[in-house]
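Scrolling down, you'll hit the structures one after another.
Look at the two complexes coming up: chain A is in both, with chain B in one and chain C in the other.
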Partner chain A sequence: MRAGLRQSMAWLHGWSGLLVCWVLLLVFCGGTASYFKDEITLWMKPELHRAAAAPVPPAEAATLAVAFLQRNAPRSPRWFISLPDERSPVTQVLWIRAPGEPGSGIGGSRGRFESRTLDPATGAFLGTVRDTRGGEFLYRLHFDLYYMQPLWARWIIGACAMCMLVAILSGVITHRRIFQDIFTFRPRKGQRSWLDAHNATAVLALPFHLMITYTGLVTLMFMYMPWGVQTAYRGDLQAFNNEAFGRAPLGLPSGQAAPLVPVAPLVAQAMRHWNGAGPSRVAITLAGDANATVTISRGSAGALSVDEPSMRFDGATGKLVATSGDAPAPASQTRGVMVGLHEAHFAGPLLRALFFVSGLSGCVMVATGALLWGVKTRQRQAKALAAGARPSFGLRLVDALNIGAIAGLPIAFAAYFWANRLLPVAMAHRPDAEIRAFFAAWAVAAVLAQLHPARAMWRAQLWTGALMLAGIPVLNALTTDTHLGATLLRGQGPAAVAGFDLTVLALGIALGAAAWVLGRRTAARKAVPAARQPHGARDAKGAT
Partner chain B sequence: MRLSRNGRYRLGVASRVVAAIGGGYVLAALATGLLAVVLPMPPAEAVMTATLLSFSLYACAVLWVFAVGSAWRAWTGLAVAAAVLGTILAAALAAVRSGA
Partner chain C sequence: MNGLAFLAALALVFSGFSTLSQTLDRHYADRNGRGSVPGTAERVRLHGLGWAALALALAACVLEQGWPMGTVAWVGMLTLGALPVVVLLSCAPALALRAAGWSGALGGCGLLALRALP
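The block that comes next holds the complex of A and B.
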């Protein structure tokens, strides 16, 4: 610890940021992509690009989905139906397998769940559509990680988010000139330029960074901080949920058979109750039992809060049992809005794009922060390095992790999308193969970075990522007929597909530019004797 | 001498890290538990408010642990605050349970 508040906060900012920055980068990248989760999923299912025809009324789509589930999952205790909307043109059904029933291995079976994509107009399983977890994988990755228990992953992510919150607050305290920093950029000045880039991206989108970190913690707050429920409800989470969210407990099976009522009239009744706003989801429990329930949830309908109003009906009689979320209490509403801000389901395409750009600036902030630590440490060791000493273990490790995370992650994302187009469409366990491509590509990049953490490795990996990302529109043109030529010039196919192609192209060009600048800089440095490199330039502000 | 100063510094940092992570969490948990019981609103709302605030309390505790002059003072401060909160919480819980 150093003397003085600003100095000790700078120390805290540097270390709490550095220790978690690589996980945070993954979380930021995955989370940023998740703003366009549905669009990514649509891009990854090219068989659907031409399907988006006339919209199907929700009552009809729900009836067809229930008929499908009655045929295919009659013994399942729980069905979930996601109805089509403007972002996703298909019906998605998900169910919990009956006890003892084996997984089907098709259409996405994971854990106890089975899921299928249905044609909303006919209710038929879209078997010819390639199996993929699409944007859902990236979304889950950003708080559940992968290859580990989600519960552990969520604690890890929570700890990282808390470090991030501390890093943001201590970073703000160390700053004297927060406003000027937005307009300060001194290029080609080594450490100073990285500091300026870090300050600019951090300060410019500071409200976003603070909001996204805090609301991220809020999404899982009762897991991280259950002590309020412990003292006020003696740990009875069910009673708390009941009061706070109007979630009545679900009944147990009665054992008496009773046919499920038609859902179309229930959907119509719900829509009347919500002044015509369409439902987004239908959840049905214990279909075919006398204790069955049908719960219909409204879509966000442009509301900020994530707590969607819902109506629960008796599945055997069709009587309305409970209505919830019509008039939420203030604190409850605050939580709903905070989670809503995190997920941005309320946002239209343009606002959503702004969230995406803010998320990208978060990625850049984390990346430049990580780089800054390496640059500063290298400078401290400059004399020894000039005398021919090897970089310290810590510096080498940070350099290698930086390459593996900052240059390696784009490669992993690109590999995921390449696998989506190149693997055989009818392959068994296709979603798993796509995900393996993501992690295999990342592992190769990370291991190579550890073996040879040098500028040449930066360049090689940045170029690889750039070519792989910028090549995606080309790949799309070669493997589908909804390429940029069709979507942009002839206006065929969904706009989301064109948006995806253009976005990855832009990201690829940005990475390519970074690689190009790095290459020129290296060449220039080789031309000039090494002794001319500035060192010992202490920054008076003492940030980091 | 130099080594021992360095060692003392490292021990101080390690001690503060434990105080910030563990002590900060305990303090935030106690404050959340207390606010959930004493805030003058319906129970579900009080729990919601207290839990929403908890992360800023935690973050402030962490900042404070690293801002004070010595690790010793950080521990003392946390202990006093936790003792005060804990006592009030115990009294509040006893009052609620005897009243109910």
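The block that comes next holds the complex of A and C.
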């Protein structure tokens, strides 16, 4: 009976993994990069590398941002201000355009939203900073995908995450020697080595994998399972949001003009209430109207939960209207901690690095899992292949998709960063062009893989990815002053920029090592007077 | 989390997992010859040392940043510290146990320094 259970779980693990593994790889790569979303954005805006000089007090930055918005978006119903912190040295403002107002055409204009990056010390629009979506694109990519409605994308991602959860649980059940083999890796043993690598990256980071998959579903639970809220609140989602998250309801304008109170005293009052903890965001509705509100949210740094305590003030009188999140209810706190664990906003640089390594281990787990399916299937077809038959349709498809995803994705990521440095700074629709570079590079890699899914293609794409990633620090040195020489040796420029350069360099070297090992194997195989090995029938990777 | 606590915890996790790996027949045999298995006393000693090192790593994380964050950091440390153990055991098994002793001692010193330094 036990063997029967293990076998059925192995079947379930194989198929629930295989069907979604390529989407999951994208999600894992994008999500892992998102741990350093702000740092990636900073790297992609080299004009800001010098701005990280003296920190500006939050009250001052908020006052200057409000002044900017009063000049530039007086009729907008909602303003959002992200104040500078250690990870992001600038003030970011975002507003909803007033009805009927046309888009500015400046890059930070998406849908109904306009956004600008401001100098925190002067409140001036940093117009010379290149327009890019930076790490935000990679973050959105990992649950909204691209080129499709976010709603559809989130359902797809949800289904894939559910399959992942099934694959993790069935994988644990089917792994007979989970404790005995926990440190085992046997290199140069073909299928055995791939299985060991898959097991090691899966089991050693198992707490992370379980947590990230489950909490990933929790982040979107009100979309996947809306019925509880709908029943309890009789369909009034606004009321639920107000109660659960302390979100200010968007009131209607009174029509009576009333000047907005200065925000600096409100920020000071909020900081006193939070024992000196600084605010991270300020949201203002209906500025200039008698019904205006000012909501100040504390940063979540230092607490596991993602729900930030906030204080809401009357925008015309400055009176405190409500505080929320000081003593959250247990259910709300549970959700907050789960989402917090997923996003890791609380983590300092070193803890963040631990999440990043666990995420990378997840990428390797998904990639080796996908490869294993091909390796196993190829072994089953070994006799026919040796006799000169072509690989089955499924095997060829999986091989091609594996090359396109595993070797192609690093190329796409690298292309995104290369485009960021090589496109003209003042180009129109620059962020879109960068994103097109990502998908164009990926499409080329995927199509080439479909045309010729063979060992040579693996090597070519792995080398391309390796050179493109390892070339990024060189490109950075050629196009900016904050290269590794300056950031590491002379200590100039933000440490995040050096960290980015070193990380992509290490990833490039790792890919290069993979390509090199693969090349040596191919050479060794050619040296042996092998049995007839028709072109294209050689295995994709590693089944030596 | 400061650098010293991070390195101390990482060294302790590495030391703990390397020691615990010797309780597994495969890795014990890699070092002590084919077919040899650790005796009961040896096994108890290895288990004790290994788990103690992991517990000290938890202590380093929790002392540094409190229970909620410290536990999260420790679980991450377990992953990061175990990966080099896998690599070392597969390419230089003899080195793994020697490194376990050194890194355990260094990690312990780091932990003491964490407590002693203001």
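In this section, the second predicted complex is superposed on the first by the 520 of 544 C-alpha atoms of A that agree within 3 Å, B and C clash if a C-alpha of one lies under 4 Å from a C-alpha of the other, contacts with A are read in each partner's own complex, and residues count from 1 in each chain.
Note that in this section contacts are C-beta pairs under 8 Å (C-beta built on N, C-alpha and C of every residue); 3 or more make two chains touch, one makes a residue touch a chain.
Being a predicted model, the structure only gives us computed values, none of them experimental.
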Quick one: chain B and chain C on chain A, clash or fit?
fit
Partner chain(s) touched by A:448 [first = chain B, second = chain C, both, neither]:
neither
In the superposed arrangement, which partner chain does A:8 touch: chain B (first), chain C (second), both, or neither?
first
Looking at chain A, which partner touches more of its residues: chain C or chain B?
B
Should A:244 be classified as contacting the first partner (chain B), the second (chain C), both, or neither?
first
Contacts for A:227 in the overlay, against chain B (first) and chain C (second): which applies, first, second, both or neither?
first
Once the shared chain is lined up, is A:170 touching chain B (first), chain C (second), both, or neither of them?
first
After superposition on A, vertex chain A (C-alpha centre) with arms to chain B and chain C, in degrees to the nearest 10, comes to 90
Touching A:329 in the superposition: chain B (first), chain C (second), both, neither?
first
Kindly classify A:346 by the partners it touches after superposition: chain B alone (first), chain C alone (second), both, or neither?
second
Nearest approach of chain B to chain C by C-alpha atoms in the superposition, in Å, rounded to an integer.
20
Interface residues, chain A side, partner chain B - complex:
1, 5, 8-9, 11-12, 162, 165-166, 169-170, 173, 214, 217-218, 221-222, 224-225, 227-233, 240, 243-244, 329-332, 334-335, 338
As the complex stands, chain B meets chain A at residues 9, 12-13, 16, 28-30, 32-37, 41-52, 54-56, 58-59, 62-63, 66-67, 89, 93
Going by the contact rule set out above, which residues of chain C touch chain A in the complex?
1-3, 6, 17, 21, 24-27, 68-69, 72-73, 75-80, 82-83, 85-87, 89-91
In the complex, chain A touches chain C at residues 179-187, 200, 204-205, 207-208, 304, 341, 346-348, 350-351, 354-355, 357-358, 361
